[in-house]
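Shared between the two complexes below is chain A, which pairs with chain B and chain C, respectively.
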Partner chain A sequence: MTKTLTLVITEAPYRAESPYTAIRIAQEARKKGYQVNIFTYLDGTYVSHHKQATEAYPNVMELWADTIKKGQFNPKLSFIACVRCTNFRGITDEMINGVIIGGLYDLARWIKESDKVVVLT
Partner chain B sequence: MQKSLLILLSKEPYSFEKTSLAVVTASKAAEKDVDVTIFLIEDGVLATRPNQKPARGANFGDALTKLIEKGVEVLAEDLSLAARGLSTDKLLSGIRISNISELTDLIMEKSDRVIWV
Partner chain C sequence: MEKKAVFIISQAPYGREDPLGAMFMAKGLVVSFPSSIIFTGGGVHNAVKGQNPTGYFPGGKAPGFPSVESSIKEGINYGIHFYVLQKDLEARGMNKDELIEGVEPITEDKLVELLLEADATFIY
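Showing the complex of A and B:
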């Protein structure tokens, strides 16, 4: 049976490196045939905010958009942003395609269903 | 059966208390016969430098060396080292270079518990 990895992103892009490291781990895990769940929480919800225009750094939004698009096919990648966190930040209606607005109940379900859960700091 | 613990450390060694938390957790787990791996990634790889001489407080380089002597495996990610221009021939003795592929295997297949401090 396909194993599942859940990654929880809590930090904002361009301040912490972990939103970018999460992309690298997610892509490698899919390459090895694992299903991947991404849950963004707190400032982590900024990673999938639309219209990011970076110059000096790799654009985290574009990298996630590409990873989410490829994740439609097996092995799947699902991406949920915490609704309370996006509401607080006023960005709920400004997410890139493929992001599901969800909540901690979804994270609880993923924790129960996943083989491994890693919370990045 | 022996249990295994993977500890990821992604922050520079002398700015956060979480560094000592990682060391103490690794040390105590090893004493309880847990198979412990510390994986240094992002700014965590700054801890691979030899001859660390903090003005005061715990010496993280010495702490890693002690853990390695206790049988803890300490790995450092190749791209994080390269991004910071850190030469790979001058690592603290006993640290092994690793990569995202091995990290994924460690997380998914080889560790009972994974904590990113």
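Showing the complex of A and C:
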């Protein structure tokens, strides 16, 4: 049976490295056959903002967009951004394709279904 | 088997969004499974009774910051278990008489017990 890993991201990209680390964990977990769930919370919701323009740093938005696109095929990757957090920050309509605006009940369901939950701060 | 979630909050109230964000998340999760919040380090200040964040803004025209104390009391009604690390409380010259009713002081032993029982651990 396919195992499931849920990652929770609470930090914004660039100030913290953890959103970039999460991308690498997600990709490697999929290679190992894990279905991956990503839940972004608080400043973590900036991770999937569609207007990121970096030069010296890896562009987290582009990397997530690519990871989400590949995650359409098995093993799947699902990405939910917390609606309360995106509303607070005025970015609910600014998400890259494939990001679902959801809530904490979605996270509760994911935790129930997951074999492992990792929180990156 | 029922899952459990535990939150460790080491950030003091009002300085960052984290304590309120953590409690909001715990309220969302406790509907589905048992959830506990443990205040450690500077986070123990969240559990102090008599907080009054209104008037935080000069002139009192802007709304006050949402009360962390109210959020804890609401969380207790939701069924969330609140704990504070006794040693970190004492390190700050505080004692259990200053805590919001329902918040329980615990030792490191109990902290580890709660962490080992949890399926998901959130750090704020």
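Definition applied: the second predicted complex is superposed on the first by the 121 of 121 C-alpha atoms of A that agree within 3 Å, B and C clash if a C-alpha of one lies under 4 Å from a C-alpha of the other, contacts with A are read in each partner's own complex, and residues count from 1 in each chain.
Just so it is clear, a contact is a pair of C-beta atoms (placed from the backbone, for glycine too) under 8 Å apart; a residue touches a chain by one contact, two chains touch by 3 or more.
Because the structure is predicted, anything quoted here is derived from the model rather than measured.
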Chain B versus chain C as contact partner of A:121, first or second or both or neither: both
Partner chain in contact with A:32 - chain B first, chain C second, else both or neither: first
Partner chain(s) touched by A:21 [first = chain B, second = chain C, both, neither]: first
Partner chain(s) touched by A:50 [first = chain B, second = chain C, both, neither]: neither
First (chain B), second (chain C), both or neither touched by A:5: first
Partner chain in contact with A:69 - chain B first, chain C second, else both or neither: neither
Shared chain A contacts, counted only where both chain B and chain C touch the same residue: 117, 119, 121
Contact footprint of chain C on chain A as seen in their complex: 6, 8, 10, 41-43, 84-85, 103-105, 107-109, 111-112, 117, 119, 121
Residues of chain C that touch chain A when the two form their complex: 3, 5, 17-18, 21, 24-25, 27-29, 31-33, 119-124
Footprint of chain B on chain A - complex, ascending: 3, 5, 17-18, 21, 24-25, 28-29, 32, 34, 115-121
Contact footprint of chain A on chain B as seen in their complex: 8, 10-11, 18, 41-43, 79, 100-101, 103-105, 107-108, 111, 114, 116-117
